[in-house]
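Two complexes come next, and they have one chain in common, chain A, joined by chain B in the first and chain C in the second.
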Partner chain A sequence: MAQHTNQGAHDAHGSHEAHGSLKSYVIGFVLSLVLTAIPLIIVLNDVLKGTAATVVLLGSAVLQFIVQLVYFMHLKEEGKPRYNMMVLILGLIIVLTIVAGSIWIMTYNKVA
Partner chain B sequence: MAHSSNRAVAAPSHGDGHGHEGHHDLEGMRMMGFWIFLITDCILFGSLFATYVVLSGNTAGGPTGAELFEMLGVIAETFILLTSSFTSGLAVLCMNKGDRKGLIVWLAITVLLGASFITLEITEFVNLVHEGAAISTSASWSAFFTLVGTHGLHVSVGLVWMIAIMIQLGRHGINSVTRRKVGIISLYWHFLDVVWIFVFTIVYMMGVM
Partner chain C sequence: MWDNVKDFASDFFVTGDPLIYGADVAIVLTMVAIVSALTYFKKWTWLWKEWLTTVDHKKIGIMYVIAALLMLFRGGIDALLMRTQLAVPELEFLNPEHYNAIFTTHGVIMILFMAMPLMFGLFNLVIPLQIGARDVAYPFLNSLSFWLFFMGAMLFNLSFVIGGSPDTGWLAYPPLSEKAFSPGVGQDFYIWGIQISGIGSLMTGINFIVTILKMRTPGMKLMKMPMFTWSTLSSCLTIILAFPILTVTLALLFIDRYLGAHFFTLDGGGNPMMYINLIWMWGHPEVYIVVLPAFGIFSEVVATFSKKRLFGYKSMVFALMSISVASFFTWAHHFFTMGSGANVNAFFAVTTMIIAIPTGVKIFNWLFTMYRGRLSFPTPMLWMLGFIPCFVVGGMTGVLLSVAPADFQFHNSYFLIAHFHQVLIGGVAFGYFAGLYYWWPKVFGFKLNEKLGKWAFWLWNIGFYVCFMPQYFLGLMGMTRRLSTYGWDKGWYELNLISTIGGFLMGIGFLFQVWQILHSIKFMERDTTGDPWDGRTLEWSIPSPAPMYNFATLPRVSEKDDWWEEKQRIAQGGAPSPRPKLEPIHMPKNSGIPIIMSACFFVAGFGFIFDWLWMAIPGLVGVAACMLAHSFNYNTDYYIPVEEIKRTEAAAGRAI
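== the complex of A and B ==
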């Protein structure tokens, strides 16, 4: 058991240093640039309006979040007991609960 | 000369490449501890985002974001921070190759980009206050300045921290301790870029839409 944990931490450490290649950073950078340009073009040129625009905006933000996690933070290259991934998922669940819950409750609390 | 001071810092770790299980484990644990901090920071920003989204309509008859946001400056800030996230990654690549000079140069470029981001943000805040949108103007602007200001504060702290690490690298070179520190600051910097993507999307883009 203890040996297992050791092995995992060791792998995570080793792979973190070995795998971050120039290629992965360049791919991540280019994808991020594209995903930043898409909302700019859509909003500043009025290509889409209303809900469709909101969906595209949030969609590109979430995609860019994933791109940076994978290509900049190397989340996929973590060793076997994927503690970082588990903590991230727990954190995201808490964030989503706070944000969605606040919006949901406060929509029915409009005084003005 | 640099070697002896290297040893002083890396003494408990026996340097790199020895495959010391205990040491690797410890540095791995420190990395993970920082990751857990980042996730709690994520929750902090999540709460501020929730507050902003809920309060953004409550302008108390004052100016709205759509009227005052200068998108040109915001777009510049976005691309500057994105590029600095990339250059901090290049710094890590130089470190992995053992190139201390390249590492310090890329960190310096990252600091310069971060400093120009902060300069643009402060200019924006000053302009907003001049145009009648201060933190006390309305609930909407309170939420705005708290959210964007907290991010700006994180970037400022990151700048001081990065300069401190550059000084340590100059003194001690690349060893297991400075290696971990550079890894952590670059993780922190990527994280700040990710938070800014959501500030840019939710506050500015959806604000002017």
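== the complex of A and C ==
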């Protein structure tokens, strides 16, 4: 009777499609390691300083984000109503609002 | 030894106030009464099996509603204590410290532990029935959400007899809420109570989004969903985007207090203004989170009692969804006076005015739904009608407040107090009351007494205006919020007295509601139709109370308000739409893990509050153990056989 083992499995529950392959997981894992290593090496060994370091750091952060979404969150393999993509875009808008809004609001409130 | 115990107890328990001693006695007596009643009637197993471990959304919904009504009682007592203190100038009923604690707990309880759980209760009671689902998407998580909320709320409520209440306002602005200025444990009760229940709120948001997107009955396209379902979707979307901000903000405050960091202190590079900025980024969406479902309820109620399809379905959907996004762009209007410069204030003033537009659209939709409808006025409809003028006035004063230069005059005055109580009572409380009255027969199988309900409605409605209209004028006369007393020379005496009378009228209205519930239980007339209001949506197509599996067979939907259309077809001589054959129904099994895990959270939170790691660490270990235990539990579901479904349906008078 109880073939379904996952919590909340219902009649309306469709079958799960398989996500990713060993190859894609390995690629994702290596890429995320590389993108973690780059900023560490640059900062710890004083390879770059100032604005250049900031740019590289932020750049690898953004790439890391994309790698996580593509290889581990399977953003590309989504079914037809692309809920994940829609929510991601909305989430990004909200995050952007929070960060940019806070910076803007707090510009006038710097202590010292 | 004895001295040590006495020392500890005098710190640990709140002492010195006769009101608190009274509460101590009442709490102990209530606990003793509950425990002995359960033991005497041998109800412990029943309680554990039927309620505490249930994953049934209908039972969880009932527990949410009961908890919320208890919290409404506590928050209401707080309100009446404050109004009593302010009734006459220079009264010495509450001392200023006690007054601070009471306005803090009043605010936190009413928003986070009354409005939120009442809203979640209505989600649970209605949404799966409305979309033709057997349960929510994650029944286990649903139970866990409830128990986390419950334990968080209890932790917070404990503070007034143990350790001392938080007393820094409902949003706990630093630097006052920092260790240097609030060294007591009250502030930690605030942080942990809200954090623990906040985890539950976030999970409920996720749960209902998935339920609505994935578990609708065949044929129910998004644009055929009932409006309450749409409003729940928009509210939950806002929850999952806003609650993480609250969690992070309070976590930073906790790190400041517990580890001596400097995020929001004045020294060490911190900035308390950042806290205000962050907390309102959650706080503003939060008010839309609680009011959007109320809009959904009014849409259902007005369509049912006008016997007409809701006017402007698409514009309503658009308004709900655009509000849930736009609510993230207005937060700075809560602190125009912080001095962020003219550009910032102008931007947020304009966004605030813009968000009033979709709200106005909805008001017109409801009015046009009533236009030329076949109107009737039972209690849910009365609350709907009471809501419209109240919310319009509240919204208009909100637009006044959104004018940044004028706000420098209104800010933190009683004008503001009157405004937000008008939208929160007139919008949220009236809305949830309408929802409770409307869906009560679906949940319990009998209607609430109409006569007592009308008394309650008029007492609440008149009491509301008597209480809050004078406060607008008090605000304009210069009375600021959180004032524990005032002099005879201020000229605020008469208006405050009137306001207090109004507050007590609402209190009497609440008593009428309690009486109404008790009276209706005693003299109930069983509703055998399952559709006492001649409703429009799917929840009315099944017996009341709904059977455990909700729908014996999943209905196939082809229209908006499909149940109404089906009834029309049958009235015109059409045959009822054919039902598929009965099949065994797949259901989730009850689980004790949610309540145990939440209790572990409670223990951990209590440990952190008093900085007792010997208590906090085992609590967290317990949480981890519960997660592990649940991960390896494969015995989570079962099937209801066809025979049992047939028996249940026959008992409810349904032919299969």
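In the analysis below, the second predicted complex is superposed on the first by the 94 of 112 C-alpha atoms of A that agree within 3 Å, B and C clash if a C-alpha of one lies under 4 Å from a C-alpha of the other, contacts with A are read in each partner's own complex, and residues count from 1 in each chain.
Here, contacts are C-beta pairs under 8 Å (C-beta built on N, C-alpha and C of every residue); 3 or more make two chains touch, one makes a residue touch a chain.
Model, not experiment: these values are computed from the prediction.
Trainee: Between chain B and chain C, which makes contact with more of the residues in chain A?
Mentor: B
Trainee: For A:M106 in the superposed arrangement: first (chain B), second (chain C), both or neither?
Mentor: Touch partners of A:M106: chain B and chain C.
Trainee: Taking the superposition as given, does A:I98 touch the first partner, chain B, the second, chain C, both, or neither?
Mentor: Both partners.
Trainee: Between chain B (first) and chain C (second), which, if any, makes contact with A:A61: first, second, both or neither?
Mentor: The answer is first: A:A61 touches chain B but not chain C.
Trainee: So, does A:T36 touch the first partner chain B, the second partner chain C, both, or neither?
Mentor: After superposition on chain A, A:T36 lies in contact with chain B alone.
Trainee: Both chain B and chain C touch chain A; at which residues?
Mentor: 6, 9-10, 12, 83, 90-91, 94, 98, 101-102, 106
Trainee: Can you list the residues on chain A that touch chain B in the complex?
Mentor: Touching chain B from chain A are residues 6, 9-10, 12-14, 16-18, 20-22, 25, 28-29, 32-33, 36, 39-40, 43-44, 49, 53-54, 57-58, 60-61, 64-65, 68-69, 72-73, 83-84, 87-88, 90-92, 94-96, 98-99, 101-103, 106, 112.
Trainee: Which stretch or stretches of chain C touch chain A in the complex?
Mentor: 133-141, 213-215, 237, 241, 245, 266, 269, 271, 273-274, 277-278, 281, 325, 328-329, 331-332, 338-341, 344, 554, 583, 585-586, 588, 634-639
Trainee: Write out the stretch or stretches of chain A touching chain C in their complex.
Mentor: Residues 1-2, 4-12, 81, 83, 90-91, 93-94, 97-98, 101-102, 104-111 of chain A touch chain C in their complex.
Trainee: Note which residues of chain B are touching chain A in the complex, please.
Mentor: Spelled out, the residues of chain B in touch with chain A are 21, 24-25, 27-29, 31-32, 35-36, 39-40, 42-43, 45-47, 49-51, 53-54, 58, 71, 75, 78-79, 82-83, 85-86, 89-90, 92-93, 96, 179, 183, 187, 190-191, 193-194, 197-198, 200-202, 205-206, 208-209.
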